[in-house]
C-alpha cells in the first residue's frame, strides 16, 4: 500500500508540472505582445524596453518559465494588473468563497444522487428506475447557467423569497453562515451548482448497483439466508469504488467549473474572479486562478485514487 | 502469383542456393524480456542455433513456456533478436547485401495457434486471406482470385466460405483459413506455431493431412512447433527439443524417438500417453513445473528435475555437442559427453 | 461480392442471420422507438437551423427602437422581440446554426485528432505511447469548463477560438478511449499475422485496428455532443464564444438576462432551446450506445 501511495504521488508531480507549463503558456496564447496589457498605449520605445527588461520578457521563454515557477513555488503569483493587489490574496479570498459553495453543493448532490441511483439500480426496469433515469438525463442536459436564471425568475422575481445575486450587504469579508440574512444568498447558487452532479452521480450509481446486483455472489448471499437489507448493504459496499471515483471527479468540477454559476449569481468566487480577469485581460490573475484551480483538481484526483485503493485492494497492484 | 502449385524444387526460380543449401540457418539467436520494475530478465530464447533443410519438416517440441513461440516470432522478426544471425537460402537476413526483412516475410510465413484470435473478427475470411497480397501490391481482383484459389486448396468452397466471418466457422475451418492466409504470399517456408494443438483430435488429423498434402504439392518447408510428441513424430523428419529457452536435443525424428539422449526428452516421451500397454516405460514422469526462466538454475538448466543430476551438472552447463549434418543426433547433457565428469558419461 | 456468393451463403444454414456489425446496429436502432423519436427531434432541430433563411419570419439583425422587449404576437413577431427590437424566433432559428456548429465541430475535431492519436499511441511502441499519453494526461488534469474558459479567455472570443478550445478539451478523453481499444488488439495474433504478411503499419491500422477503435470512439463522441453544446453556449454566455451581433443561444441568454425583470419569458426561451437540444442528443446517444454495446 505504501508503495502504491508513493508511486501515485510521484506520478502526480509531472502532471502538476505539465499543468504549470500550460498555465504559463496562456500568456503566449494571447494575441499580441503580452506587454500590451501592462503598458499604456502611448508608451515610448524606451519605456517599453525598460518594462520588458523589468518583467523579464527579454529572456528566453524557458528561462522565463523557470523564473515564474520559482516565484510561484514561493507563493508569489505577481500583482493584478487591474487592482495592483497581490494575485495570491485575490485568489485565496475568491477560493474561500468558491469552496463555500462547493462544500454545500457536494453533500447535497452526492447524497441525493447516490440515493436516487441506488434505488433505481436496485429496481432496474421498474417505474422508479425510469423516473430516476429520466430525471438524471434532465439534470445532465440542463445548462446550469440557465437553470440559475430560471430559479432567479421564480424565487427572486416572482415569489421574492430569496435574493437574486451577490453575497449580501456584509460582503465577502464579514459573511457569516450562521446569519440567515447572509446564508440565504447561498441557497440558489448551491441548488444550481448541485444539479449536474446529481444527474451524473445518480447515473453512475445506478449503473454500478445494477451491475453488482446481478453478480453471482448476491445470489449466494440470498441463498445463505441473508435478509434483503443485509444484501443491499453488501451490494452498496461493492458498488462504492467506481461511484467514489465519479464523486471525486465531480468535486473537482464543483470547485473548478463553477465559473458559469458564479457569473450568473455574481458570487465573488474564483470563477467570478476568472471572468473579471478575462474581461480586463488581467493575465497574472488569469494564470494564478487557473493554476490554483487545476492544482486543486489534480490533488482531488490523487486523494480519490488513494481512497479507492484503500477500499479496493485490486487497484493497488496496478 | 503462387496459387498454382510448383512441380519440383528446381522449378522454383527463387531457389538460389540449390538443394544442398539449407533453407534457414539460425545461429545464436537470443531474446530476453526485461521485467518491469525489476532488474531481472526472462531468458525466453537463449543462444539457439539450428538448421532447416529444404523440403523437410523440422519439429520443435517442449513444454509451454520454453520459448517455442518466441523462437517462431524471432525467425520472422516479429520480435527483433537481441543477438544472433539468420541465413535464408544463403543470404544473411537483415544485412546490407543479404535479404531484407520484408523480402524474408514474403518467403517465410506463419500459422498461429489460436485460430480465432488470428483472424480479424470484423473481416470476411476471404478479405483476411487477400490482405497480404493486397499489401504486397496486387490488384483487388487479383488478390480476390488468389484468396479464392487458396480456399479451394485448403478444402473450403470459396463461394460458400469466402464471405463468412470467423465466428461463422468451426475451429478446423478457421485453421484452414489461417493456412490459406499463410500461403497467400506464396512462401517457401511456413512456421506452424502449435497450429493444430487447439483442435479436436479428429479435426487435427484432417488438418495434419492437409498440411502434408500442401507441403508436397507446393514444395514447402515446415518448422512445426508443438508440445504434442505424437503429432511431431507423425509429421517431422527431424526434431529439436527445447527446455527453458535452450536446445537440449536435436536429431532425426526416428533416432530421437527411438533412442533419446537427453533425460528431458526421455521424460517427455515417458509422460506421453500410450495406447499400447506393452510399451509402458519405467522412466519416472516429469515432476512439477519447469523452474522459472527468470532465475534459471546454474549449470544445466534441467538438473533441478533430472533424476541423474550430479555435482558436475550444477557447476558446468553441458555443451550441445558437435553438429555435422542432417543425420547428426546431439544432446546437451553431461551423460552424453565422454569425459564430462558425470559418472554415467558415455553410458546414455 | 458476387451474386452467386450471396446466394450460396444464404443457402447454407447461417450461423448468424445478420452479416456485418453495422447492419446489426442499425437493425437494433430500428427496433427502439424511443430513440427513433429523439432522432426525429434532433433531425427537426438541425433542419430548422439549416433552413433558417427560408423559414425565419424576420431578419435576425433588424433592430427596432420602438419594438424592444415586446411580448409574443406583437406586430407579427411570434415570440416577441429582444432588447434591441430584433425578432426572437428568427434569432433562435439563426442561433441554432451557430450553436449547433459550435457544439458539433469540436466533437468532430476531437474525434479525428484524439481518435487518431490514441489509435497510434495504443499501437506504437512504448516511447511514442508515453509521449502521447502523458501529454494528454496534463490536459486531462484540468476541469473541462476551466480549460475551455482559460484557452478562449487567453486567446480572445470568437467562434473559431471557441471551437479550438473545446476541441482541445475533448481530445484527451477521446485519445484515452482510442488508446485502450487500440492496445487491446495490438498483441492479437491477427495483427501479428498482418505484420508477418509484410503490411505497413498504416495499412494494418486502417484495416485491422480501426474497426476495433471505431465503436468505442463513436459511442463516446455521441455522448460528447450534448456536453459540447452546453459548454459552447456557456462560453458564449460568458462572452467568450460567439460575439454580438451574431445570434447564438448562449449569447442571447446572456444579453436577455439584463432584462430579466422586464421580460422573463424572453429570457427563458434560448435556455429552452439549449436544454431541448442537449436532452435530445443525450437520449439519442444513450440509444446509440445500447445499440452498439450488445456483444454479438
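In order of appearance the chains are A, B and C, and numbering begins at 1 in each one.
We take it that a contact is a pair of C-beta atoms (placed from the backbone, for glycine too) under 8 Å apart; a residue touches a chain by one contact, two chains touch by 3 or more.
Because the structure is predicted, anything quoted here is derived from the model rather than measured.
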Review point. How many steps does it take, at the fewest, to get from chain A to chain B if each step moves to a chain that touches the one before?
Key: 2
Study note, to complete from the structure: Ranked by contact pairs, first place goes to A-C
Study note, to complete from the structure: Looking at Cα centroids only, farthest away from chain C lies chain B
Review point. How many angstrom between the C-alpha centroids of chain B and chain A?
Key: 58
Practice item. Indicate the whole-number Å distance between the mean C-alpha point of chain B and the mean C-alpha point of chain C. Key: 51
Check your understanding: At what distance in angstrom does the C-alpha mean of chain C lie from that of chain A?
Key -> 23
Check your understanding: Which positions of chain C touch chain B when the two form their complex?
Key -> 1-2, 4-6, 8-9, 12, 14-16, 19, 21, 188-190, 192-200, 203, 207-208, 211-212, 296
Check your understanding: Where on chain B is chain C touching in the complex?
Key -> 73, 76, 78, 102, 105-106, 109-110, 112-114, 117-120, 122-123, 128, 131-132, 135-136, 157, 159-160, 162-165, 167-168, 178, 181-182, 184-185
Check your understanding: Along chain A, where are the residues that touch chain C in the complex?
Key -> 14-16, 18-19, 21-23, 26-27, 29-31, 137-138, 140-143, 145-147, 149-150, 152-153, 157-158, 252-253, 255-257, 259-260, 263-264, 274-275, 277-279, 283, 286, 290, 293-294, 297-298, 301
Review point. Tell me, which parts of chain C touch chain A in their complex?
Key: 134-135, 137-139, 141-146, 149-151, 153-156, 226, 230, 233-234, 237-240, 250, 253, 257, 260-261, 264, 267-268, 270-271, 274-275, 278-279, 282-283, 286
